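Which chain is which? They are A, B, C and D, in the order written, and residues in each are numbered from 1.
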Amino acid sequence: MTAGILMQLAQTLLAILLAPLLMGWTNQCRAWFQGRSAPPLTQPYRMIRKLFHKDAVIAHDASPLFRFAPYMVFACMALAAGIVPIVANDLPFSPAADAIALVGVFATARVFLALAAMDIGTSFGTLGARREMLVSFLAEPALLMVFFTTSFIAQSTQLPVIVETLAHKQFAIYPSLAFAAVAFWMVSTAENARIPVDNPTTHLELTMIHEAMILEYSARHLALIEWAVALKLFTYSALGIALFIPWGIAPAGNYGALPLAMLALVGKMAAGGLLLAFLEAISAKLRLFRVPEYLSTAFLLAVLGTLTHFLLEV
Amino acid sequence: MEIYWLLGIPFAGGIFLALWGSRGFAPEINALFSLLTFLAAVWLTVRVVSGGPILTANEWFFIDPFNVFLVALTAFVAFTTALFSRPYMRIEQEHGRLNTARLRLYHSSYQIFISAMLLALTTNNMGILWVSMEAATLATVLLVSLYRTPAALEAAWKYFILCGVGIAQALFGTILLYFAAEKVLGSGGVALLWTHLNEVKDQLEPRVLQLAFVFMLVGYGTKVGLAPLHNWLPDAHAEGPTPISAVLSGLLLNVALYAVMRSKVLVDGALGTDMAGNLMMGFGLLSVVMAAFLIKRQTDVKRMFAYSSIEHMGLVTFAFGMGGALANFAGLLHMTMHSLTKSAIFFAVGHATQSAGTQLMSGIRGLIKTCPTIGWGLMLGTVAILGVPPFGVFASEFLIITTAMHEHPWATPFLLTALGVAFASIFGKVQPMVFGETELARLPHQPALTPVFVHLGLVLMLGLFIPPYLAAWYRQAAQLLGG
Amino acid sequence: MTDAIPVDPGFTPLAGAWWIVLLWLVLAFAGLIFQRRPHLITHLIIPLGALGALGMALIGAAGLVEPVSRFVLPIGLPDLPFHLRLDALSAFFLILLGGAAFGVTLYASGYLRHMERGALALLSLWYHLFLAGMVMVMLADDAYAFMVAWELMALSSYFLVTTDHDIPDIRRAGFLYLLIAHVGAVSLLLCFGVLQGGGQIESYSFDAIRAAEPAPFWSSVAFLLALFGFGAKAGLVPLHVWLPEAHPAAPSPVSALMSGVMLKTAIYGLLRVSFDLLGTQASWWGILVLGLGLITAVYGVIFAAVQSDMKRLLAWSSIENIGVILVGIGLAMIFHTDGKGGLAALALTATLYHAINHAFFKGLLFIGTGAVLHATGTRLMGELGGVMRFMPWTAWLTLIGALAIAGLPPLNGFVSEWLLLQAFLLSPGLSQPYLNMVIPVAAASIALAAALAAYVMVKFFGVVFLGQPRDPNLKNAHEVCWPQRLGMIWLALGCILLGLMPAQVIGWIAPVVQQLIGQTLHNDGGWLMLAPVDANRASYAPLIFFLVVLAVLLLTFLAVRKLYHGRIRRSDPWDCGYPEQDARMQDSAEGFGQPIRQIFESFMRVERETPDPFDRHPKYRGDSRDNIWLLCYAPIARLAAWLSDQTGRLQHGRIQWYLVYSFATLIFLLVFTR
Amino acid sequence: MTLPIHLQIVNLLAALLLLISFAMLSQRRIIGLVTLFAWQGLALAVSTALVGWATGQHHLYYSAGITLILKVIVMPWIFYALVKKLDVDRDVEPMINIPTTMLIGIALVIFAFNLALPISQLAGTVTRSTLGIAMACVLLAFLMMITRSKAIPQVIGFLAMENGLFFAATSATYGMPLVVELGVALDVLVGVFVLGIFFFQIRETFDSLDLKHMEKLRER
């Protein structure tokens, strides 16, 4: 048990620490694909450190909510990272919150961020909040549907159990997972404010979504948010790995498999970041009112996934 | 014995007021006589409730639970109406719509009208029943035309002709009844006495009675205001003075329906089929629906409530048509509730129209501001008449509708539609009269609202609690109607 | 009426409930008597009413464990006196009522202090009658008592809605409300007419109805009538049109009660009729309810997203929640008829859980808006903003409600949503394959509704409480007085505890489920964790969850403070360096709802007034009405008008024609009867 | 078997009654109507008396007397007075033209007859066959009220209807109990007085007795 708890803490800390690295890696890859000279891999760490050192500049009439939000967001993301099996599959904490709760956690973080964005009452803040919520109310159900598909297969909404079923039971091909995977990819691009839904590196306010929300933040608050964003990306990647390519994650109690699992994780993450960067490099950002179509496609795919599960796999 | 008092007092009152009705104290005298009548009625009621049906004056009068409850009701509403008409008529006089001579006419014919109705209720002789119904009509014709406006005259004329013709049919029905009865009972007095007819009803010739019932239904039905014979009713109610509207729809309709029921009992006995019941259900349903849709287009408040009377009499007729203990019980209950509630509404409406100076609903606004009592009286009365609990009308409607759903489901869509439309129309029109902003003036005299709230109080009580003896009494009556 | 208490040994919860009802009746009329002394009403009578509500909640709690108690009042129809009965189902709804009503009434005692005397007395009269009526609905054990209580509830709430009857819109709202309520009531009458066993008057008691075994066709008819009747009260689409009109019209505590509790009486009635009175269910009922519930949920939340009047927005969101609850009932029915008792128990548990949650957070939100409305005098979000600075208590407490209704963990809204989704996830057990196909889609739309609810709440809270004041004189908005705060705190606590203690709440709900389905939800998780069916399938432990979030939060905070610093510099907002900022540059309510309107424009009729570009003080108005009115109600109204014209034709004042009528009738009858 | 002579006379009078009803249906002038009405009353009185004599029902004499006084003397006189006073003796133009009315009337008579036929079979009285005629009179009077558009003819139609009823009462059933008949007669008398008052009120309000002034109360 104590070992499990240690495992739990270790994984969570690992996630928190490695998250900026993944972000850095992705940016690096994208820079390569775009033929720019890439920033160093540790760029995100540096930025966060720099931000922590700065003095926080806050608008006069910012309410406590504004200052509370970054901590909340960060906490939520940490919690999410704690639920998802990253390298090992025994997470004593995960029964506290299953896949559906995970969606809830993401939602909580999002809502706090949006509210904080509206708090100052600037034009861009509200604009960002509105767009964020618009994106999310289509992305969230799609994500839920993805979880439904996997849960229908695994007969459970517990992520470790799902991973257990998919990775360590006898191998079976699930067509529904294909749909789910595509949907998941689309959703996670949207949720993580990546191209084609949003552009993380944009400087055009009018096209911003995520960036517009955090315009008013600075210093440690901004640092926390950036870190949370990186963490979110990391969690999503881990999630995708856990759901669709779980092979290699160490089964509960089997500590011998850990190094292998570690390697597998790094490999998959690197590949994922590469792929993400590649797709971002070759595709363009959508107009805002194309976004609903993009996401409803994701939603439809996810629902199709569940249906195919009932058609072919039951 | 008390029966003579019951009939004698209002008659004497009629004579007295015919002589001195123009004096200043006439309204009080009117109220006094009504009070005495009411006391006599109470006395009679007590006798009947304690000692069972009475058959007196060598079988001229027959009082059983069915009509004694109507007697009590009639005397009571007559009394409260008299109370209401005291200030009402004074105000009318001050507004210069009436002079003393007409007041005399009004008072004396009011009393005559009451006595005629009581006679109709208590008599045992179908012929006298007819005579007194006609007398009641005649007594009210001149009251309807009391204001001598063209509209009033027209209304009175229609009232007279249509009811006269109708009642003539009823007479023919009576003759046919006699024609059938004399073969069994022999010619002469007894052949029209209801008690005797009731004993031998199964020997009466079915075909003749069938015919007789058709005539009586059309005849008395005209006075009940069953569609499509109802056309006199809204005019008469709208144009006559408000106390008269109150007693017309509160009492006269009941009495007419009473006549129909008396003959229905005989016909059912003779035929053994439920032809009579089906006819009544048909008429009732038609009346309910037509009235509901006509209510929707009213602009005159009294006219609207007249139509609502048609609707409710239709409902009662429908209930009696269904027959059976529960339905009859419900019908009787609904009769009572409707009389009390509707007269209360007319009281409130009367004062409302006086303070607004018009009967047009568009002219009456925000009563609750100027005279809250009238406003609440009207609002609660309306709510009650629309069958919203805890008022008693709901109790009877509850029984009627559920029974209908249980016995004759086909009828319920019509009922549902009609009730819905009526509710929407009446409430939609009354709400702005009671609520909202206003520029109405106050009344010169203190309005008489005790009657309103006494009635509503009774209706409220009966909705929540029907005293056991009253219930027993209703049940006996329902039995008599062949439950 | 006090002699109505039967001398029975022991003090049954039912007797207690009845005493409290009597207390409310007394208070109602006491308010009328003391109308010259408003101080007495606000400081004594209404708080006493609140205590009564609290007592009612406790009695409900007792009733859950006590055996079924019943007694008969000596009032009602002859041979059909009022039968009262307190079983688990009514007890649960008593808890719901008492819990929500306590907070709301406490709030009301502060809120109503500014009212003028006469109106105050009337309000207290109808308010207490309203409470009594709702309780009687839940206690009634025969058709007549039920209907009387039902209509008393409708009538009193009508008078509450029309408190400010000077405003034509409010009159119209009240009229529409009472009309639809009445039509619904008539259909309930018909339902009981079908259900009642024999022709006697005794057969209206619920016992007789339970005993009666109607034919399948007739029981389906009864069910449809009941669905119509209760749906009209619950705001089931398309019978919802009164709701967004009436709830905003009423004074805020009343809106809170109507939305939080009164709608639940309809749910109670539906459960009572379809699970208790009607012994057997047809398989298609559940599917019908499920479908209607989905439509209601999605429709409601879409319209909530485009509202610009805060109470109207909340009213629409009530419609959405009712939809969710109905979906739960539908699922329960489907599982029940399919013989899957455990799953039915799960779905029903989720339903009841959501019902009580909604009572709490919707009550909280409504009284929160009431506080804002009272402080600022407007309901239009376009004139609000930044209220959090002037009314922090209200704002933070309302925020709890908003997060709860948005279904965010670890608050209560999430728990019921989670349970409902679990019920969906367990659906593959069903025997009809086509249902297995339908149900994921249903789950998807529930998820959509939930996500949209979050959108709506961000809009609601953000536009009203955050940002810059859109109107300069919002500055002098003042915080509410203590009774009001206490009321809100009570409800907020309810939201939190219901969220953190799911295992216990499920324990309360269990007897109800047992009573209705004959089987309870088995919780595998112990006191701490919620694990329906099996801990390996799914589990959720909000308390742990909450503590972890808290811990991480504190740790981060401390770490940041320790490792770095807490220095703050205040300045003007940056906003990408745009020079002049003003409140008009924030999103208005319309603006925030605009994407939704753009996406779902086909559902609604949009009316826009766009200002011209040279307007110095541009005013934009965008209003989205629902089409149901045009599609369903307008035609009916037109038809009725046409019919009444036709009947009017018959009566054209010519006496000869009238004679013809009676002549024709006579001839017709003569021909007809021979 | 052939009826005794006086009963044959009764049947004859019955036929006469019917004839007069047709005549009234076709009569245009009000004065003429009144005369016909008087004749009808006379025939009614005679037949009543005859029946009373034939069957020894002596109270029928009273009703015959009442009829004679009321319907043959008083009312026609009142009507003459009215017509003179208000001078409304212009041609009455019926709503439906005379021939059509006649045709409808004949149809009604046939209807009434075969309605009454099965009933009169089982009547205990000798003069049962008159029931059909009485019914026919009633219906014809009804038709007349429908077709006339002026007040007085309508009232006369109304009274003619009552004649028919009386005839039914006396001839078909040997008369109702005396009290009833007295009551009925009283009602009729009062009714006529009320009508008298009415005519004057109507006259002074509309200065005409034409019913087309009285179509204001209506829906629309």
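Just so we're on the same page, a residue touches a chain if its C-beta (ideal position, glycine included) is under 8 Å from a C-beta of that chain, and two chains touch if they have at least 3 such contacts.
What you see is a predicted model, and the numbers here were worked out from it, not measured in a lab.
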Comparing A-C with B-C, the busier interface by C-beta pairs is A-C
Between chain B and chain C, what's the gap in Å when you average each chain's C-alpha atoms? 43
Calculate how many whole Å lie between the centre of chain A and the centre of chain C, each centre taken as the average of the chain's C-alpha atoms. 36
Chain centre separation (chain A, chain D; CA means) in Å: 101
In whole angstrom, what separates the CA-based centres of chain B and chain D? 31
Tell me, which residues of chain C touch at least two other chains? 647-648, 650-651, 655, 659, 666, 670, 674
Considering chain B alone, which of its residues make contact with at least two other chains? 157-158, 161, 165, 207, 211, 294, 297
For this entry, which pairs of chains touch? A-C, B-C, B-D, C-D
Taking the complex as given, what residues does chain B use to touch chain C? 157-158, 161-162, 165-166, 169, 207, 210-211, 214-215, 217-218, 222, 228-229, 231-232, 275, 279, 290, 293-294, 296-297, 324-326, 329, 368, 383, 386, 388-390, 394-395, 397-399, 401-407, 409, 412, 416, 419-421, 423-424, 427-428, 431-432, 435-437, 463-466, 468, 471, 474-475
Contact set on chain C toward chain D in their complex: 647-656, 659-660, 663, 666-667, 670, 674
Per the contact definition, I'd like the list of chain D residues that touch chain B in the complex. 57, 115, 118-119, 122-124, 131, 135, 138, 142, 145, 151, 154, 158, 161-162, 165, 168-169, 172-174, 176-177, 179-180, 183-184, 186-187, 190-191, 194-195, 197-198, 201-202, 205-206, 213-217, 219
Any idea which chain C residues touch chain A in the complex? 385-386, 388-389, 399, 403, 406-409, 414, 418, 421-422, 424-425, 428, 433, 436-437, 440-441, 443-444, 447-448, 450-452, 454-455, 457-459, 461-463, 466-468, 525, 529, 531, 535-541, 544-545, 548-549, 552-553, 556-557, 560, 563-565, 567-576, 578, 581, 583, 585-587, 591-592, 594-596, 598-599
In the complex formed with chain C, which residues of chain D make contact? 95, 111, 115, 142-143, 145-147, 149, 154, 211, 214-220
